[in-house]
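Note that the chains are named A, B, C and D in the order they appear, and that numbering of residues resets to 1 at the start of each chain.
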Amino acid sequence: MLYRENGQFKTSYAADQQIFPILQDRWALGLLLLVAFVVMPLVGSEYFFRAILIPFLILALAALGLNILVGYCGQISLGTGAFMAVGAYAAYNFMVRIDGMPLIVAMLLGGLCATVIGVLFGIPSLRIKGLYLAVATLAAQFFTDWAFLRIGWFTNNSTSGSVSVANLNVFGIPIESPVSKYLFCLVVVCLFALMAKNLTRSAIGRQWMAIRDMDVAAAVIGIRPVYAKLTAFAVSSFIVGVAGVLWAFVYLGAWEPAAFSIDRSFQLLFMVIIGGLGSISGAFLGAAFMVLLPVVLDQLPHWLGIPISTATVSHLVHMIFGALIVFFLIVEPHGLAKLWSVGKQKMRLWPFPH
Amino acid sequence: MDMTDINPAASDAAADSGRRFGDVILDLQNISLRFGGVKALTDISFDVREHEIRSIIGPNGAGKSSMLNVINGVYHPQEGRILYRGQERKRLEPYMAARQGIARTFQNIALFKGMSVLDNIMTGRNLMMKSNILQMALYWGRAQKEEIAHREKVEEIIDFLEIQNVRKTPVGQLPYGLQKRVELGRALAAEPSMLLLDEPMAGMNVEEKQDMCRFILDVNDQFGTTIVLIEHDMGVVMDISDRVVVLDYGKKIGDGAPDEVRNNEDVISAYLGTSH
Amino acid sequence: MGFFLETLFGGLMAGMLYSLVALGFVLIYKASGVFNFAQGAMVLFAALAMARFAEWFPKWFGFESLLLANLLAFVAAMAMMVVLAWAIERFCLSKLVNQEGITLLMATLGIAYFLDGFGQTLFGSDIYSINVGMPKDPAFVMESMFEGGVMISKEDLVAAAVSALLVIVLALFFQKTKTGRALRAVADDHQAAQSIGIPLNRIWVIVWSVAGFAALIAGIIWGSKLGVQFTLSLVALKALPVVILGGLTSVPGAIIGGLIIGVGEKLSEIYIGPMLGGGIEIWFAYVLALGFLLLRPQGLFGEKIIDRV
Amino acid sequence: MKFKPLALAATLVTLGAASFATPAMAQEQYIPLLSYRTGAYAPNGIPWANGKQDYLKYVNANGGVNGVKIAYEECETGYATDKGVECYERLKGRGASSFDPQSTGITFALTDKAPIDKIPLITLGYGLAASQDGGVFKWNFPLMGSYWTAADILIQHLGEKEGGLDKLKGKKIALVYHDSPFGKEPIPLLQKRAEMHGFQLNLLPVTAPGVEQKATWLQVRRDRPDYVLLWGWGVMNSTALKEAVATGFPREKMYGV
């Protein structure tokens, strides 16, 4: 009975158009942010930061970027890893080639480079759809894999092709300890999530969704497919590129092109499908699920004392992900996010059945 | 054009009134359209005057929808000229047609299924929204003002179409008749000077049809919107049209006021299937 | 010149194998409009089944004949592919009828992921070998014309012959049998096919089984050449550019696309690769396909796509 | 790849000795085993992981190292860096006395963290070439040398076979390598050696994952090198051998790592 919108009347369109029109949702969000920003840094263990929270946040950001393209604009991409790599290597080059380059600026520039490449590989989307686009984005994936391995300039001529960064700081505050890394990622992710949400509830977001749902009708009411698709590619790759920078700089510290292989692209796509196509919270739910499930399954035999080989567990994870993807596509294409909102809907009506 | 003073029930009987016919706004000359070897339209010419309700009728497969698709640039005819407001149109994409003030509904509802009624109609305002991506990302200043201003307009349309209670429902969950109405609303939101309606009353019951007729007449009457209408229900067509063009097998077989067309030999035979 | 010919042959042989996988894609796309991303996983699954059954059957039943082991393993692997086809239809496709292509594509990605895990759980993830008695030595031809002759791998020749045979068998199956004609009817028009009394579900099971058969053959040839291992499913990704090049709906397109990609890849790697630092094979096929998409989206032999509103 | 178990024996003895030297330790030493039994590189990872386990069982069956039993636990990385980091963070809390990441990528990612946690990273014949100098990464312990050592040993051996390193002059040596940071590790050393002894070094990359090698071996056949150094991976090697047979390259002239 606590979760009700009864009595919360909106007296202006501005009030009706806020992200969370229901009071309880705003409270819940405030609480969540409080936990994330204040409680977590106090109680979280190093394992929790390094192995769960930081990768979760960064992957959620990348999934968010991908969701704009796939979930909102309906353009499939199997090359997300490539755009992450572009962001990471571009930022790396800005850092090593320009003295005193601040981390934030390098990160944004990395994102911009990813945008350029993303738009470039998005151009085929103007002529081709769904299935074909998958191949075009795969081309981006394999080409960047090769380029970062092969073209010495990108890796500052490191002999093996692996590169590393050190002594990260933001406005003089070192980003070294797990907590500071976590907080840095959290701030970035929250800002981007807010901006993504704003975009999706604005005119541009409606343009993307219109193109996704019915491109001919969208064109007929005056939406330029070229503009809508390319902006989706641009915004998506920018976010993905920034996520790539975080993944490389903050999470790994030292990396090789394999960190952004096609496996990463698939992993992100799965997050988006499982979490929910076309929703911001879906990216977070999907990322949490994909990060936590293998860890939990890994631990399960340990907790229960059942001897299952680690390989079997890993295969099991594959099978569960595969099955869940099919399951969600069949039963609930809007993924965990939709299940969540259905749950909320039920709560709103509780105890009445309808 | 102002939508604030709409009174939906005011003009039921506008059909026969002496309306403000304007000049020819759209002139189609010798249009031919082929798909591979299949001829969809053959040498069709007709015009549309400002403010009139111009209907296109004909049996299934006559090329009616193709005709609309030619008008708003979804299809590009191989032959013929199209003059819009006296200017010849070269190859024109649908979004450009929209910019010139041509809006459209579809035979098979072409709503954006994943979006709410409100958002669907808001897309119709798209051309009038000018804020850039950065402003939208921050949702601040111009972007927010625009959202609110256009929301007000959209709410007027929602009131006009009497769909207030479903404004936040995803359109996919609405019954057929309401979806058709939302689609009309989306087209209206663009404040078009010409509205192409492709079987807006198909699959509706009598009551729904009456509602739809009323909306069409109101739009035509109050905003002066030119309407090109495809409809199967002869009663409706003959009642509300100013002029009717008849297509059969991609050819024009009749053109004129409803009464003329009704008595045209070719039209009768095409509908009754006596010759061919 | 001799080396050029060798490269050309090498490319043709590699291309033949791409064609085999691409064939599976085309069959499924034609009949059900599904862009089957799981074809690579199916190749791996089939090859794993074949390799492991051929290893296990002699142990289980106590016989030694390699021929018998291979035959039984082939039958068992094929049976598994049919069961798989049935399961995919039953639990996945039948519930996704009338969904958009992009959804189906993502579903097959899920299937691929599942199969990778499932196959390795059942059969292990080491390298296994398939020994169907393919000759391993190289042969040298035209020794009088070039110094050292032109080397051709006998194994490749056998593989090419088998592939050609498979294509002929499939062509006959589609042209001459009742089921084949039904399949073609479905490919042309789902509703029309249904209205003349062809149960769509059964057709899909058959198509996926036939694609499974193609996967099994590809798996055996590849497995015998390269060893059966997880990476087989990745190499199969090369079949995607092949179908783009050849056209999604064209069986001859798959064959010719495969050959073009195979040859183009090897020639470019050897003649252009060194200028770029080598290793360009990894993207060559994709970039070629990308260029093609921009110029001729329907591929060499595909039907022109007309959007009707 | 045969030297791996040997290397392992050496390490574990060293380790055991080290643990014995710190008397405060319990009668059990906990060693997490990062391994990859799945994914593209599993064919290499499985025997490696099995070998490690077998050896530890063997040591324990013989009463452990000076009475100290070795407790171990596997963690599957699938050769993915992020999974490796997760394993490291999880298992280090259980009192791990050392880590053997079994992957250059994971080693890279952990090199910053090990000094903070004061956990030795043991890299057996792989890892960062720079860690040969103990002052650079203080907590990295490359045992059995690095890739450079391995490459050097190969060249020494070839020299021996030819009757002296100077005899390598004018010879052609092809390096068929996995196109990844791992595969590229030996290149600088080999190039240096090529300069020193005047042999010609042909670099032939094999693109990931490493089973498509037709073009590579065609080039081998064209160039007719005197020796082929195979810098492969589990995945790459079996195919390389098959392709070598198919192109008729003599097996006694191939050396693998």
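Assume contacts are C-beta pairs under 8 Å (C-beta built on N, C-alpha and C of every residue); 3 or more make two chains touch, one makes a residue touch a chain.
From a predicted model like this one, the values you see are computed outputs, not experimental measurements.
Any chain that touches subunit B and also touches subunit C is listed here: A. Summarising the inter-chain layout, the chain whose CA centre lies farthest from the centre of subunit D is B.
Simply put, of A-C and A-B, more C-beta pairs touch at A-C.
Ranked by how close its C-alpha mean sits to the mean of all protein C-alpha atoms, the top chain is A. Averaged C-alpha coordinates put the centre of subunit A at 33 Å from the centre of subunit C. Note on chain placement: the centre of subunit A and the centre of subunit B lie 41 Å apart, centres being C-alpha means. Note: centroid distance subunit A to subunit D, computed from Cα atoms, is 34 Å.
The distance from the centre of subunit B to the centre of subunit D, each centre being the mean of the chain's C-alpha atoms, comes to 70 Å.
The multi-chain contact residues of subunit C, meaning those touching 2 or more other chains, are 120, 125, 277-279, 282, 309. Contacts with at least two other chains are made by residues 145-146, 149-150, 216, 311, 314-315, 318 of subunit A. Counting partners per residue, subunit B has 74, 106 as the residues that reach two or more other chains. Only residues 3, 6-7, 10-11, 13-14, 120, 125-127, 136-138, 151, 153, 155-156, 225-227, 229-232, 234-235, 238, 265-266, 269-270, 273, 277-279, 281-282 of subunit C touch subunit D when the two sit together in their complex.
Here subunit B touches subunit A in the complex through residues 72, 74, 93-95, 97-99, 103-104, 106, 110-115, 119, 122-127, 129, 131, 133, 136-139, 143-144, 146-148, 151-152, 155, 186-187, 190, going by the rule given at the top. The touching residues of subunit A, counted against subunit B in their complex, run 12-14, 17, 195-196, 198-199, 201-207, 209-210, 212-214, 216-225, 231, 235, 278. Residues of subunit C that touch subunit A in their complex: 35, 37, 91-92, 95-96, 99-103, 105-107, 109-118, 120-121, 125, 237, 240-241, 244, 248, 276-280, 282-283, 286-287, 289-290, 293-294, 297, 307, 309. Those residues of subunit D lying in contact with subunit A across their complex are 35, 37-39, 42, 46, 73-76, 78, 80-83, 85-86, 89-90, 93, 104-105, 108-109, 111-113, 129, 179-182, 184-185, 187-188, 207-208.
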